[in-house]
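The same subunit A turns up in both complexes below, where it pairs with subunit B and then with subunit C.
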Partner chain A sequence: MNFPLKPAPHTKVGNRHEDIVATVIKAALFVAVWAIYNRFMVFGIETAAHVALMILVACTASTIAHLGFHMAMDALEKKSFTSFKERIAPYKHKIRTGETVVTGLILALAMQPTAHLYVVAIVAIFAEIIGKLIYGGYGQNIFNPVAVGLIFNALTFGGTVLTVGYLPDIITQPTPLAALTTANWIMTPQELANYFANTGGIINMFLGTVPGSVGETSRLALLVALGYMCYKKVADWVTPIFYMGTVYVIMLVYGFIIGAGFWYPVAHLLTGGIVFGAVFLASDPITTPINRQGKVIFAVGLAMFTLLIRLTASPTEGVAFSILLMNMLTPLIDSKTANVTTENTNKKIRSSAIAFAIATVVVIGFTVLTQL
Partner chain B sequence: MGFFSGQNCIKLDMQKTLTNSKPVSEYTPKLVAIPLKNMAFEDFTTHVNVGDVVKIGTKLATGNDHNKLPLFSSVSGTVTAIEKRDHISLKKTNHIIIENDFKDEKELLFDPVEDILSFTGDEIKKHMKDAGVLGLSGSGTPTFTKFRNTKNVTSILINAIEDEQFITADEYNITTYPALLAKGALTLLKAADAKECVIVIRESNKEGFEKLSAILGDFQEIKITKMPDIYPMGFERTLIKKIWDKTFKVLPIEAGVISTNVSTVIEFARTLTNALPLYERVITLAGDGFINQQNVKVRIGTILSDIVAEMGGYAAGVPKNARLVHGGPLRGSAVITDNLSVTPVTNGFVCIANAEHEQSPCSRCGACIRHCPAGLQPIQIIGAFKLKNKETLKQLGADKCIECGVCSFVCSSFIDVSDNAKKAKAFTLQK
Partner chain C sequence: MEAKHKKYNYKEVLTAGIFKENPIFKLLLSLCPALGVTAVLVNSVGLGVIILVSLIMTNTIIAIVGKFVPDEIRIPAYITIIAGVITIMEMMVHAFMPDLFAALGVFLSLVVVNCIIMGRAEAFAAKNTVLASIYDAIGNGLGIIFALAVIAFFREFFGRGFVDFGFFRLNVFPQEYAIGFLVQPMGAFLMLGIIVGIMSTIAVGKNNQKKAALKSQKTATTKAKG
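Here is the complex of A and B:
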């Protein structure tokens, strides 16, 4: 009996490509379900339904974009197929593994629940094609497709205030992030306490029963999703935790300088997309550095840019912008950390510490300068 | 293990229970084909012609180099042909075909003695050479070459780890012949004039550990050390570093250690006892491609397809999408046919019914980096290798690859990472 000759590996351990995609989708779905339930409990059935529709539309749109793009490519390359079945076979596999919906799903979670459905569709299609497919698809893209979509959304539709007719007013209330911006970020402990009281309290902000993007508000759900992805070894905890940790520490120092007290960094972590960005964007292995040392540097740099943008420029989409910035630096970080991972541990700790110190000084120095 | 380097190994389900709990079958074939080849070496002078009658232990051929490696018949019967056949190395190789007359007549190498411990060191070494004892772990090195110069040798390492998935041939030998193992260890100590002998065994091989400890209680110079169930663990380099904290460049003897495989020691003790060369061994048939996964005792030179037919055949659907591997799935190599004969270094065959994997582009999951025992970044090495960038390759330590294959097993995209890492290593080392 003859056997086909194939190279090693003859065995497989751990995640397969499909498992990775499936795990991310499960984590994102958990956040999505939580978000819908949250909206239902706080704002009522219409908001919840709209959020659910947004997610559905985004997934459908990115799937259509994905398939359409590949079919167009096939047509351009004049590939010939003997049957329709053969033509759709590769796409069937992609749909089954969920590769086509993952961008749309996460994107929908990052958008404001006030977005029109057609905007969601356009943004999802843009993210799928420009953010991912034109680079050659999964694994080849240098920019995080979700961040690309968010920036596109901000630049194209961000200026217009979108109100969806049937939504209750509550949803157009200022988000905690907007409230924090209005207060010009600098607060005394008293102001901070008032702020938390006005936005519904720390607990509610942690649970997510406050206005904000679809999936961003519930930090609890996001942390559970992160825990799940790390447990399944799909995400490395280093980037998200170092990112949030750096934000926390820099803001703690800053809070002491301006006299805002111990809870000041918490206000930053509980507003905007920092936790969401940490869990779903910074943990994405494709567009972030591949080894631990690079991940630490990436996370620290990401925190620096996020805070700079947040404190001195536009508060919204600061996370997405800084993700794209750091994505650009990823190949550089990768080549600078090309070494044997078990060697020179002290040097690695030192370089990480220096990166951290630079980030702190830059953020605080720049912010204080602009305040003068 | 460290923050920057990841875990440097993989925890594996070794899947040993598939075969280690089942009884061992015995199969004596009608015909054996003894390959005139040991590893890459195939320059042999034959001493028999077609039509000759041979016995178990009759010398069939001798190697034409300074090792003078002898090959023996594993059955009694008649030589029917000397012809080229498929070999596990994938190259056509000369084989001596012998038809078994089932009389099992034997030709002894020397006069057996009452107690093999009465042999002197030189006698032991002489028998080791004359019986053509080989490293049975897969290396195929004639064992006596390790004992040529034993001046600096202080310790003997007996590797009973068997860190391969599925394969339990060593485990069977340990649990069945602990007494032979002890005796073999003592003779090796004598041959090398060494002081201590360490047997390393897998943590999960509890039965083997108990049986060995019970016997070894009387011998001060033999110690058993348990090692955790991770891969890679059975590499000489890893073990010698762990046990004695010593390193070496090429051969363990530089660190004063002679390292052997456990089955080699047991079979050598048997050879000294019954004055016959290795003519049968236990091999493991495992993997879902076989209907019966179990250990089988077979003669050297038995043809695999005969064994499989005797053991119940292949599962439905084989060989479409299947893969047949000589050795375990971790370090073994795929073969293209089952018309192959069992060699002394064959510890088993694994047949995986569905090994169809679709390769996808690297998803940068980092698994290869987290698990590389040498602390390398395999995917970065491949990238630099594609660009033929020697500078970066050196920086990445491409020459430190231990060729363990871990990066390929863990790759989520089924890329042949280790294959390329090996090539990159060769490229980096070349002047």
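Here is the complex of A and C:
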């Protein structure tokens, strides 16, 4: 008998905490290197250097925040240590495992390449402390720290006046996502074809040579990173694939309703942070449901909230918001799917189908109603 | 009857409200003004003063009346007294400080349902003498002013880049570097949480220190015995 129950520290495959962090960092670094190379080829050396600086600053800031928080806690709690070596031992361990860097690294990948370095540092510190450390550190957080940081960035520096002087003008041109948002997400097949032609074609959008967030634009690099993490059994393929698949199917139906044609859902997947969110945020084993039944429901709910925010609400991007919303529901999903691994397959399929149908009806119904 | 013969340590009654039993930081009461008006330092201190004055008035009246009011109807009676006092305060502020009245808006009327006023009436004023109740009111009122001022100071400091003391504006850093999140309503929750967290961590540290001191004392005594 096969019980695919997947608790967070994956002891079955021998993955330790350090290995999980190291694998995620390797995957994120691959995306980062690809992003820097892409920026260098398309926008020039200044942009590439700025992106590299952003990643460096974010990693440094989150490390300093992590160590500073622990040192401050030790000082305030007046813990007694016998020697200096004993005092710094936990910090050395944390730096060696890389758990201080991983939040900042992924966060830098999700931010705009025009972001001011001060903004990057503040957001990384906020994500590290408020998103992770106050809950007790890595493995204890209930919300995804990267999503917390992204929302903090959107609410605080959304309309920022801070600019980076040395970047070329070309990088501030509207992203493919902004172009779709100004069109209110409704397009005819002709408009869609024009849109793809204007933004450089589907292949370029897939490879990532278009304006957009640092690591979000290259879908190919993200999928390679996902494949690597799944191969190392750090991430489960269920959440990312069901997330992207649900977005695709719901938008296919919606595209036929508004008469946008077959390529409409592709435009959704190739703009914004859906693929990035699927690969790096939704696959996080800490803040997502434990077993696969829960993961499917989580992914479908994620797609529902993302599309609702995209199509009807004012923020241009809803991935981080929907991740936080579903993180809140994770304990509920876990408790409702606790025994589901031992139940029969029909029941699992039925509940997944119900979740999927609810998501489809809600998204399409709500969007069509608001556009009447 | 008993209250008359009780001896009060007035200094302790006064300071308990400010530090040891601070209404906002320690008891987490009266959070509505703490979250609602602390975006601006001047307004929050203004509301704190209003709460202080109303607390003194309600505590005094309730300490006088408390012995005659039957137990069954004491809550309605206290609420009537408190509502009357706050209405008077509201009219006074409207008449003499129209700017503050406009800035505080609905939060001024909401002082009626402020937990700390009802709480002090029920927990202290109804059972104790008039003088002790006044001391208690002053202590708790000062505690609220202190807490509101601390929250508002840090929110304005980081959220705006300057602190406006009314008579003097302290510019800290350029405004475009300010963390605007903190002057938005959710920033109040965050700032309050951080401050309460720091205070409880300090309390944990004091406990740890005491434990360590006890331990060393014990080992010293056992050594001396040995």
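In this section, the second predicted complex is superposed on the first by the 351 of 372 C-alpha atoms of A that agree within 3 Å, B and C clash if a C-alpha of one lies under 4 Å from a C-alpha of the other, contacts with A are read in each partner's own complex, and residues count from 1 in each chain.
Heads up, the rule we're going with is that a residue touches a chain if its C-beta (ideal position, glycine included) is under 8 Å from a C-beta of that chain, and two chains touch if they have at least 3 such contacts.
The shown structure was predicted, so the numbers you read here are calculated from the model rather than taken from an experiment.
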Partner chain in contact with A:Ile290 - subunit B first, subunit C second, else both or neither: first
Contacts of A:Asp236 with subunit B and subunit C, given as first, second, both or neither: first
Which superposed partner A:Glu77 touches (first subunit B, second subunit C, both, neither): second
First, second, both or neither for A:Thr345, with subunit B first and subunit C second: first
Which superposed partner A:Tyr118 touches (first subunit B, second subunit C, both, neither): second
Touching partner for A:Ile134 - first (subunit B), second (subunit C), both, neither: second
Touching partner for A:Asp334 - first (subunit B), second (subunit C), both, neither: first
Which of subunit B and subunit C A:Leu369 touches, first, second, both or neither: neither
Residues of subunit A touched, compared between subunit B and subunit C (which is higher): B
Complex contact set, residues of subunit A against subunit C: 73, 76-80, 118, 122, 130, 134, 152, 155-157, 160-162
Interfacial residue positions of subunit B with respect to subunit A in the complex: 2-6, 8, 10, 12, 90, 165, 305, 314, 318-319, 321-325, 329-330, 332-339, 350, 352, 355, 357, 360-367, 369, 372, 374-377, 379-380, 384, 392, 395-397, 400, 405, 408-414, 416, 418-419
Subunit A-facing residues of subunit C, complex: 176-177, 179-181, 184, 186, 190, 197-198, 201-202, 204-206, 208-209, 212
Of subunit A, residues touching subunit B in the complex: 1-17, 19-20, 136-140, 233-234, 236, 285-286, 288, 290-293, 334-335, 338-343, 345, 348
